[in-house]
Amino acid sequence: MALKTGEIAKQKGQERHRALGLSDDAALKLYEVMRLARAIDERMWLINRQGRAPFVISCQGQEAAQVGSAAALAPERDWVVPYYRDAGVVLWFGMTARDQMLSFFARREDPSSGGRQMPGHYGSRRRHIVTTGSPVGAQTLHAAGVALAAKMRHEDTVVATYFGEGSSSEGDVHEAMNFAGVHKLAVLFVCENNGYAISVPQSHQMAIKDLADRAAGYGFPGVVVDGNDVLAVYEVSREAVARARRGEGPTLIEAKTYRFTAHSSDDDDRRYREAEEVALWRQKDPIQRYARYLRDARVLSDSVEQEITDRLTQQVDEATEYAEQAPDPSPDDLGKFVYAEGQG
Amino acid sequence: MAVRTVIEAIREGMDEELERDPSVFIIGEDVGKRGGVFLATDGLQKKYGEQRVIDSPLAESLIVGVAIGAAVNGMRPIAEIQFADFIAPAYNQIVEEAARFCYRSGGDFNLPMVIRTPWGGGVHGAMYHSQSIEATFAHIPGLKVVAPGTPADAKGLLKAAVRDPNPVLFLEHKRTYRLVRGEVPAGDGVVPIGKAEVKRAGTDLSLIAYGLMLHHCLEVAEKLAADGVSAEVLDLRTIKPIDEEAILQTARKTGKVLVVHEDNRFGGIAAEVMAIIMERAFDALDAPVMRMCGPDSPAMPFNQILEAAFMPSVDRILARARELAAY
Amino acid sequence: MALKTGEIAKQKGQERHRALGLSDDAALKLYEVMRLARAIDERMWLINRQGRAPFVISCQGQEAAQVGSAAALAPERDWVVPYYRDAGVVLWFGMTARDQMLSFFARREDPSSGGRQMPGHYGSRRRHIVTTGSPVGAQTLHAAGVALAAKMRHEDTVVATYFGEGSSSEGDVHEAMNFAGVHKLAVLFVCENNGYAISVPQSHQMAIKDLADRAAGYGFPGVVVDGNDVLAVYEVSREAVARARRGEGPTLIEAKTYRFTAHSSDDDDRRYREAEEVALWRQKDPIQRYARYLRDARVLSDSVEQEITDRLTQQVDEATEYAEQAPDPSPDDLGKFVYAEGQG
Amino acid sequence: MAVRTVIEAIREGMDEELERDPSVFIIGEDVGKRGGVFLATDGLQKKYGEQRVIDSPLAESLIVGVAIGAAVNGMRPIAEIQFADFIAPAYNQIVEEAARFCYRSGGDFNLPMVIRTPWGGGVHGAMYHSQSIEATFAHIPGLKVVAPGTPADAKGLLKAAVRDPNPVLFLEHKRTYRLVRGEVPAGDGVVPIGKAEVKRAGTDLSLIAYGLMLHHCLEVAEKLAADGVSAEVLDLRTIKPIDEEAILQTARKTGKVLVVHEDNRFGGIAAEVMAIIMERAFDALDAPVMRMCGPDSPAMPFNQILEAAFMPSVDRILARARELAAY
């Protein structure tokens, strides 16, 4: 059976981040990236509702699971293979509000796809973010491959791949975990379990309560963690990364969380979720929760909070302005990059 | 006769088949409470229950593989793949299993099952919500592939598909769902699989299409008429088995043919239509058969300028048709 | 963690079959079907080596796993979805030596495929054997579908599907077990774990010792059983069938066994298996082992053994003679049955 | 120049690429101790170790998906799919992932990887060890598809494939493995992807083929010569990107073309070749382009009479060629 979350996370009190080896500044950085992800997302909905952009898909509610796990990695040598909700992951790996807005408006400069893919389909070779398409689950095999290559070259590289609990039903996720187990690959399988796959509840998706229990069938540990507690996610991720670096193989981390918005701007979640349920989870907002912790820990003051808010507002304003003005691709870009040239 | 959109006609068709035959059931992602992401199954779970409108786990191979097993054991499943772009994980179950069940068992087994899926572009769906898959599956013996373009054909062909003893891939062009309205006959109004239809008669040249492109071609024919060019528009409706006679008839009648589809050009359905005409109506041709297709780049970018550049447009089809008329 | 085999099976002594509710005749029937499967297989190799038929794929060594599980089913209302080694399963479900030989020689009369498929690709609607192709793993989803249909009609039908441990790596097997778990379908997932997938040993296939441990990840029991002990397999299968009939859902049965021959007549297993290993397992021959039990239990006498041997020899002789003479399909059968006619 | 069989040439090609470039590795089912079911990788694991010749679990989507990830991270995988018939479970990884990586990332990512697989019939392999898959994958933008027919082309194209920055589907006709021997140049002898080759020059008609059918066509050309008919034989070698110029050149030269393949007729490569000629060499034709293909039934039955009936044979190709010559 899977472990249920870490030890330090269970502690009460104001010392948790320090016990995890996080300085106050480091603890604040987690907070700011979570807030940045949220701020960009909220702005996108606003713009979408004004009809200035056709599509949004959200990270809201899942920022702790994303940032807490990504923060356990070393972006300069590690890789992430995210899915469409992982704004928090890619921002931690160096993407900017501007990058986000460029893809939101599908501009030529969009670093992920040059305006070819929907927002949320991240990718950047230099930032160690593998390009992601829409078919869910497929990316987990790519993560295993990236880790296999690193192992062949004896490089100290850990790969984190992300997916929803619904996507865990795809055969590829099984094949990826099995292969990673056989070769003891340095992979973190991070499941952001938000209880729904669009409208389909977990009860129709699997007959088990904890997806983490599947890890035993692949010969590596599975951990269930409170996905709305960024420090708890950081702790279990840090342990999993250490294990991977020791050559002991993969870990499946199941972060229990919730999606605040509809599945996307094309969805109406009132058809399948009770307003009460959503309201209940909004009270567990990972950002507010972490803010309370940081205030109790005397790390976050009103003035610091204000500075952060101002900084984020400015970033998002500038990014939006820049991206909305930025040039579109030209029609003759249509035929570019179907094939790579040269030796590649 | 009632006026319906394409999506309404499809929903009505499923509703009536569920009503008529207790062995019919629906399985797919979000087909239940959500009513499908395009609301094709809206209200059907309420009406027929969770047993007959099943929200599957998120796994396309599962959806098709389970439908196969259910069809073996006396049911007539309607499997929904949420977008044609996501049918790929089910490719093995469709091509190597469903399509070969009857043949490999010497006719002992057959699979009355339908796989419904929304296809095609023009909805800002980007690279994974815009693809065309008809050529890929029409190449496979043992499968039938239909692609209606009007509400009446959609409902009539859906009923034919549900009642067919073979696996039928039922392609619904998502851009037509709410865009295209039309009269739907009362009663079953079954439309036979394998029969194309001349949607507009003409004498100078032939436009052959299906799905959204049918409607572009009808518009083009209208504009050509203004130039005094009489264009015939043949709606294939069924891609496999293709209606060779109807294709040859229009080719022989006008001697000039333009085939139009969104799907990538190389190895698309247009190539097969050209081959058929080459083989059987070569001497009747007054000009080489032409094709206007999506380019050989992945369908299709999110950016609206690139999406527009990908899709065959009325203007570009018209230009090619004029070339052909002038040949 | 998975259970490790049944209780009665563990008993020593001569009363095991009776304790399982098997009369002496029933116990002998198990034996005769195992021997029939073996006898047909041995004959096929002989004929293949003489160049009279191009291909054999064997059940040898796995007869106990096959017959012991199939015997727990009721062929008139239950279904099997076998794989290419399952001669013991399909013989229990009513296929005959003649049927086997007709497909071996690819004759028009071959009930499984009319000469279209290789031997071992079984299928018969009236015998409740779902037609099987070559792609491994795919059949497990068909089993779930057959069981779903039965559940919809409230029919008391159990479906047993069979696969090797190598095939368990395919995504379809994961998807099938997950779906069967969610809907509590009456399915027995029977894994014949013979330690190899052609040349690939279990250690390269999965990072776990017992495949049965995967069942926990799908919310149903997994059982490990000695696949060379037909009564042990019968016992756990009987329990799994009873559970399924009670509406409690699927069971994963892992039968540990071994393949005596090369993977097929096209394979040379000396490239990847030690002769010693093969010899060791041949000493655990499930048929000889069961024969010893039946003799100790005074169920099998020399005279009965002789009768059985004579009966089988005659069956196999007649079947071979008949099938080798039987007509081939005619060239115009090539285009038949691509599509079904009528309403089907 | 050394004489090799096709399988020897392929093994030698992989051996030399593994030797030359440490980023090249092999992954597939039974490629290690077993040396592959056709012995294509025989001895390579002994020589290069378990790290560079990896026996994968039994899962094709895994083989391709892991190869993709490894290619992202600096490697040049050669993925082996044991039989072309079993590539279907990897369809999503090949078509929706590998083929779209470069395009969907705006050129930021590219995948230098090869997927090798034995295809084709004539070996009593029955329905699941005989299939042709070239049309299915050639339709997909972003993939390259090659199908060599001779030892020199097999080795030279394999090297080109390994060194190509894109995913290349490398099709090895299993019937040619030991049947076809020929000279292989010393050194790299890289054969460029995208170039067809005239394997026999002629003036009266053109036979276009690849794989095993190339050899049937060469035999047919020999027999035609005895009738005083001069047949040109064009070996496509690469299916995608197809060599349009070479096709047009031979079509314009002889004015009569017969395209031959084992793959099912409907939507096969022959249809695309016919479409290309229709579009660009229509006026040069003295007869309609003809095709001789596998029928539209699943490839192919185990029974040897039915298998023979499925495969285009020298006699049947010859008969069609004579028809064409007489047109």
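A, B, C and D label the chains in the order they appear, each numbered from 1.
The criterion applied here is as follows: a residue touches a chain if its C-beta (ideal position, glycine included) is under 8 Å from a C-beta of that chain, and two chains touch if they have at least 3 such contacts.
Everything numeric here is computed off the predicted structure, so don't read it as measured data.
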| item | value |
| --- | --- |
| Between the pairs A-D and A-B, the one where more C-beta pairs touch | A-D |
| Chain at maximum distance from subunit D, centres defined as averaged CA atoms | A |
| Chain centre separation (subunit A, subunit C; CA means) in Å | 45 |
| Approximate Å spacing (C-alpha centroids) for the pair subunit A, subunit D | 41 |
| Subunit C and subunit D: spacing of chain centres that average the CA atoms, whole Å | 37 |
| Multi-chain contact residues (two or more partners), subunit D | 56-57, 59, 61-62, 85, 88-89, 92, 96, 100, 103-104, 127-128, 141-142, 296-298 |
| Residue list for subunit C, restricted to those that touch at least two other chains | 113, 115-117, 121, 133, 135, 169-172, 175, 178, 182, 204-206, 338 |
| Parts of subunit B lying in touch with subunit A, wherever the complex brings them together | 29-30, 32-35, 37, 55-59, 61-62, 85-86, 88-89, 124, 126-129, 295-298, 301-306, 308-310 |
| Residue ranges of subunit A in contact with subunit B within the complex | 54-55, 106-108, 113, 115-118, 121, 133-137, 166-167, 169-172, 197-200, 204-206, 266-267, 271-272, 328-331, 333-335, 338 |
| Contact footprint of subunit D on subunit A as seen in their complex | 79, 81, 110-117, 121, 123-125, 130-131, 133, 135, 138, 140-150, 152-153, 157, 171-172, 175-176, 178-179, 182, 336-344 |
| Of subunit C, residues touching subunit A in the complex | 1, 169-175, 178, 181-182, 184, 203-208, 213-214, 216-220, 249 |
| Sites on subunit B touched by subunit D in the complex | 85, 88-89, 91-92, 95-96, 99-100, 103-104, 127-128, 135-136, 138-142, 240, 242, 264, 266-272, 274-275, 278-279, 282, 287-291, 296-298 |
